[in-house]
Every structure is written in structure tokens, then in C-alpha cells.
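Chain naming follows the written order as A, B, C and D, and within any one chain the residues start at number 1.
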Amino acid sequence: MSTRDIVHIALFAALMAVLGVFPPLMIPAIGVPITAQSMGPMLAGGILGARRGGLSMLLFVLLVAVGLPLLSGGRGGIGALVGPWSGFIYGWVVSAVVIGFLTERFWHRLSFVTAFAFALVGGIGVVYGIGVPWFAAMSGMDLGAAFLASAVAFVPGDLIKAGMAALVMVTVRQAYPLITRARNA
Amino acid sequence: MITLSGVGVSRNGRPVLSDIDLRLAERRIGVIGANGSGKSTFARLLNGLLLPTTGTVAVDGLDTAKDGKAVRRKVGFVFQNPDSQIVYPSVGEDLAFGLKGRGLSKPEIAGRIAEVLERQGLAGSENQLIHELSGGERQLVALAGVMVMQPDVLVLDEPTTLLDLSNTRRIATAIEAFDGQVLMVTHDLSLLAGFDRVLVFEAGRLHCDAPPAEAIASYLDLCR
Amino acid sequence: MITLSGVGVSRNGRPVLSDIDLRLAERRIGVIGANGSGKSTFARLLNGLLLPTTGTVAVDGLDTAKDGKAVRRKVGFVFQNPDSQIVYPSVGEDLAFGLKGRGLSKPEIAGRIAEVLERQGLAGSENQLIHELSGGERQLVALAGVMVMQPDVLVLDEPTTLLDLSNTRRIATAIEAFDGQVLMVTHDLSLLAGFDRVLVFEAGRLHCDAPPAEAIASYLDLCR
Amino acid sequence: MIAALYVDRDSPLHRLRPGVKLLALPILGTLLFTLPGLVPSALGLALVLALYAVAKIPPAVMLRQLRPVAFVLVFIFLAQLWIAGLPLAVLAVLRFLALILAAALVTLTTRSADMIAALEKGFSLFAFAGVDAAKCSLAISLVIRFVPVIQTVLSEVREAQAARGRGVSLFALAVPVVVRTLKLADEVAEAIDARS
């Protein structure tokens, strides 16, 4: 891995921390915030690609684990990583990999529509696919009910975030492309 | 005409600008001073990007604290780093960004853009990708993005630091050709030749307010 | 002594530097030229950050393409924007960054850092957080981070563009006090007073290579 | 900039090596979630509460750790009560209380810097798998360095957008912030190579 890769990975982990500063909207009934941070993995995957994108989210999770209050609302520490909804956070890592993989794969045909689709698959499909079963397993609750609860609470916001991330992905692809350059290098 | 009365600005409880009373009516006004003396803070006051902690700032009688939106239409702002200002990957799209909020028709927008690019020696570069431009050309695009909004006043915060001599001259020429009032913050004293008035800031206060030669002398004195 | 023989650099298939043959032995060498003329490309060649597409670059006989690591030990590099050079969040950690790779003991590292900070008027600022420093101080830290490695040659790419007059002088003084060879890219022609030799680049070629007065005259000529 | 969650006290728990605490945690978690019946979980929670006392963490700080999950715990309790009855509902809540409090205790009693040092040691154990510990620790420092840099860029860009006379849109903010910081990152990468 080149120095440049390391720096990019650190940059997007830091970007996650900055996204955490935007005030989260706590949903009192279930105790998970609607947060700008769920856009981070979409951007990381869509701009850096699978490997660097995934590692940047992993680095972010590690920094939360060592006790830096980088989750929205100034939360952090291991306690924040073993809660009933913490599966979402691990979902971020995997979703950056998935979005990155898809973006690299279809780099030359990337358009708003495909980018949006990738952001949905990774940012909603994968994230919920990990976060919700985690919740069901830890709480002993019914999987379907857990899905329904999080869908109602988060999907509207996540649709908007995916749209925004897709716009940024295709614009940055033109304005400062990283994925092809990395390949040619 | 821009007026500042009893203006002070505090940031994090620390005063960064104090006791500024000014009437700015000259066509070309320069702003100089040491790093951290308050130049950028002063410039940001002029179009309501920053509101004074005490006192009032008014542009043609409009208070920046009350009529922010109207003031920003009158006062265009150009930053040091063009990359903070540019949103879209191509020149044409980027210049259209500000105009779209103004309810102009498509041909009107295209016409205005073509005209501004022409004037800046960038004619026909609408489809050019900005990341392929040199630093100097990017700065010209950033300036064009502000010019295209046809402001009455142009405020520039160190717009030439990344540029070589001839690009600096291009910017200087573009600014010279601008009809309205210009306020420019700069460390490049040679840009102030031909200016009507120069303000020297020092530790958050107006240290000197005079024609260029005198003001520059007083600044050089400070640096000793 | 730095030698370039038959050096050319292409980027994306386009030549950005061609036919450079030089022997650089003077203590103070300036590099000037238009935006995009190839100055930064040239500077990056000197410590192997960039390898020539054709020809060879050698520092004291070491080929940058073969002995990159040894060359980088000899040649320190200071960038325009201190934020792109400072790696660690605090002054002390950042200055220790390069030294750690050198197998020095902790007290040796601390000693060297204290000494360099002292010399640059930043004594005792080891625990200072970088983001709380002013731009001028940050540039001094960036320079200190290179000086602490005790290079034989110092290459600087427009190190004073963000600075006011007195900070520019602080940097200039720090550079003057440096024992070894200095190569500085700059748009600020006044920094070249007292230099031994100035290279003027134009469109990827060496346009002029002369003492400051003559070189500057030729550059000003180009800009007309 | 980044305030730590660490609570500075002089206690055996604070002095314990971070690696030990980090290893104890998954063991406790596994025991909690595998041992059947109320008694082990109740004992587990009692043990964790005792450790808070040993670590001299004030009860108010301890309760603050539970605030983000308080509602969801009530929710889980009610749901379990409905589905599985009182004993299982109590069990689920006990397990969570014990696990989350224990995990928070590790964070409360360990400096981030020590944790990072332990982490870096951990990385070097994986050298055989191609993990470069030096690069990992460089990445960690860079994150901490970049946070204020991105914040500065963000506020500059926000101003520039406001000055261009359009309402602030997230898109107009995000693109220049990403492009500017990517450029900066590329320069940082070059500088690191030049300095090392």
C-alpha cells in the first residue's frame, strides 16, 4: 500500500469524524440517531474504491474503539460498539467495500443512476442487512419487526443521503478522479 | 458606498477587530497588514459573511445584519483559494451555478457566461474541465463566477497568491476593467499602484488610512 | 553538487520538462517562471520525489532513480502549503516524524528538536497543537521539520506565498542561516537578492540561467 | 478538538495494561451471552458495578454511559415481556447493562494514547499477514491531524458558497470540500515520502 493510499484512508476516516459533528437527530423510542455519518461509507466507497474505502471505515471504527468520541453526538468508546444497534457501524465498513467494488467495476459507465443504485445497495441494503439482524439477535426481537422499525425511521433520510452521495460521486469522478488513476499507476 | 460605524468583532470571546469607523466610497481600495491582523475578518464583514459583534455595517444603506441577501447580491467575494469556490467540474456549469438562483432564462445565462469568459480571455472554454486548468486559470474562473453575477462591489481576499507575474497581471487587468467598486486584501504591495486608498490593519485596529504611498510606508515601518 | 543530464519529464504523455542539462554547485539558487512552466516539476526531481522520464539526476554522485533513499536524506524539501507537509497533530511529534526512521535515541531526538525550535524562535513549543498556530508559524514548523533532519541541500517550493512581510522575512532569515545549499522556487522576486544564480523556466525549458539581476530582467521580459 | 472520554483517576483498573482489559471484555461478553439463567448475568452486572467502584468512577458518570441506550433497553424489556415473559425480559436487560457498562469502563479507565499504543502493538502481531504497524500508526495520527484541517476547509467553502449568492446546499458544500481535501491529501502523501 502506498503512502498515498494511507493518506486517503486517513482522510475519509477524518471526514467521518467531521460528519459526526453535524447535529444528529436522536430517535428516542429506539435510541439510534439519524446521522450524516451514514453518508460517509457511500462517499468513501464511491470515491476511494473498495480497498481504501473499506479500510478507511475500519480505521474509523478502530478510533471509536480506542475511546475517541467520534460518533455523532460525541459518543465513542467500546461501549458504543457493543450496543443493540451497533451492527450498523460494522455495516458501514462492509458497505464501503461493496459500494467501492461496484463503483470500480462500472467506473467507465458511472452515471448518477448507477451511482445512486450502488449507494442504495451498499448504504441501505448492506448496512441494514447487518445492523438489523444484529439488533434482532441481541435483543431477541422479531427480525421483521426490527426491519420495519428501522425502515420507517431511517429510509427516508438514507434515500436523500444516497442521492446526495451519488451526485457527489459522479461530480468528483469528473473533477478529481482517483479510481482510474490508481489503476493506471 | 459602504459604511462601518462603531464596528467590533469578537471570536471565541477574543476581540479580533475593534473600533472601526469608515466610509468607503473610493473606487479602488486596498487592505494590507500582518498575518492575523484582521484583514480577512474585515473583508468578510463587507458582504455579511460575518456580522459585527458591535456596531453596524451598511452597503448603500442596507444593513448587512438585516438585509444579508440583498447585500450579497450587491457585493461579490473572491477567495484566495479558487478550489473552495468552484462547485462544478466544468467552467460553464460552474459559472451557471450562481445565476440559476436568479430566475434567468437559459439563453440569458449562456449569453452572460460567454460575455464574461470573453472579457477574461477565456472565450469558448465553457466545456473545459476545471481540474485540467492551471492555478492561474482556475483563479480567473473563480473571479468570472463572481463577475457573472454583476455585483456593484467586488471584495477580493488575496486573489493572486498562487499566481505568477503574468497571471497576476491578468487578474489585475480583469479587476481594473471592472466598473464598480473594488476592495482588495493583498500581501503583494505592487498591486496597489493606481489605487485610491489603502487601509493598514494592525492587531485588529485600523493603523493607517491613506493613499497607497503613505500607507505602504507606514506598513513597512510596522514590519521593521 | 547536483547534476542533471539530458533530463526530460512527461506526464500523461505530454512533455512538461525537456532537455535540461545542469550542474548546480552554487550555495543559493533561485528558480522562477510562469505558472505551469515546470518549476515544481524541476524541484521534485531534485530529491527523487519524481523520477525523470529520460536522462539522469544525481546528487553528490547518487542517482535519484537508484539511490532514492540516500538522496532524500541529503535533500530536504519544503512545500508551499504547510498544511500539506505537517503530518502529526503537535509540533514535537511532527518534528520527531522523520528522525524516528533514523535510529536515534529518544534524548537525541528531543535534543535536536529543542535546538531547531530554539533557532527558529519557537523554543518550547513542542506540545503546541498545529491547528492552533497561525499560518506563518505553521510554515516555520514545516521548515523546522525539514531542518531537523540536517539535510545538505534544502529545496523550497514557494514557501512564503501565504505569509506577510515580516513572516516572509523570518523564513528568509531561517533560510539564510542554513549552512548547506539552497534551491528556492518563488514568485516573490525580492527574495532572490543575494542569491548566486537564478534559473528561469519557460514552457518546460530552461529559458535563462544567470545571476539574479540578469535572470529577473529576462523573466520580466517574458511576461510582457 | 477531540476531547477524550477518559476519566483520570488513580486506581488499579487505570493502571492495568490496556491489552488485558481489551482481552477481558470479549471473555465477559461471551460468558454473559452464553451462560443460561438469571444468576450468572446478575453476578456479572454486580461484578461490573463493583469494578466501577474500584475505578473510582462517580455513579453519575456511570449512568451517563447508559443514556444513549436507556430507551432501547426499556423497549427491549417491554418487547421481551410481551413475547417471552418476565424472566427473559430481565435477563436481556441485565446482559446489556453488564456488557455496555463493562465496555464503557475500559474506555473510561484507559487513555486513548495508551489504547492506540496497545493497538499498534497488536498490529505488529499481524506483520506476517502483511500488516505494517508503522503505516497503521501513521494513519491514526493523520486522522487526528486532518479533522481540524477538514473543519477549516469546510468553513472556508461554506463562506465561499454563501458569497456566491445561493442558499447553502449540501451538494455545493460537499464537492469542493472533497476536491480540496483530496488535493491536500495528495500533497501530504508527497511530503511524507519526501520526509521519510
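Note that a residue touches a chain if its C-beta (ideal position, glycine included) is under 8 Å from a C-beta of that chain, and two chains touch if they have at least 3 such contacts.
What you are looking at is a predicted structure, and each value in this text was computed from that prediction instead of being measured.
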Pair of chains joined by more contacts [C-beta pairs], A-D or C-D: A-D
Chain centre separation (chain C, chain D; CA means) in Å: 40
Intercentroid distance (Cα basis), chain C paired with chain B, Å: 31
Cα-centroid distance, chain A relative to chain D, in whole angstrom: 16
Overlap residues in chain D, where contacts from two or more other chains coincide: 138, 142, 144, 149, 171, 175, 179, 183, 188, 192-193
Junction residues of chain B, two or more chains touched: 88, 131
Of all residues in chain A, the ones touching two or more other chains: 171, 175-176
Graph class of chain-chain contacts, one of line, ring, star, complete, other: other
Residues of chain C defined as touching chain D within the complex: 44, 47, 49, 72, 76-77, 79, 81, 83-89, 93, 97-98, 101, 129-131, 145-146, 149
Of chain A, residues touching chain B in the complex: 171, 174-176
Residue ranges of chain B touching chain A (in the complex, touch as defined): 88-90, 129-131
Parts of chain A lying in touch with chain D, wherever the complex brings them together: 1-4, 6-11, 13-15, 17-18, 21, 28-32, 43, 47, 59-60, 62-63, 65-70, 73-85, 138-142, 164, 167-168, 171-172, 175-176, 178
Residues of chain B that touch chain C when the two form their complex: 33-37, 134-136, 161-169, 187, 219-220, 223
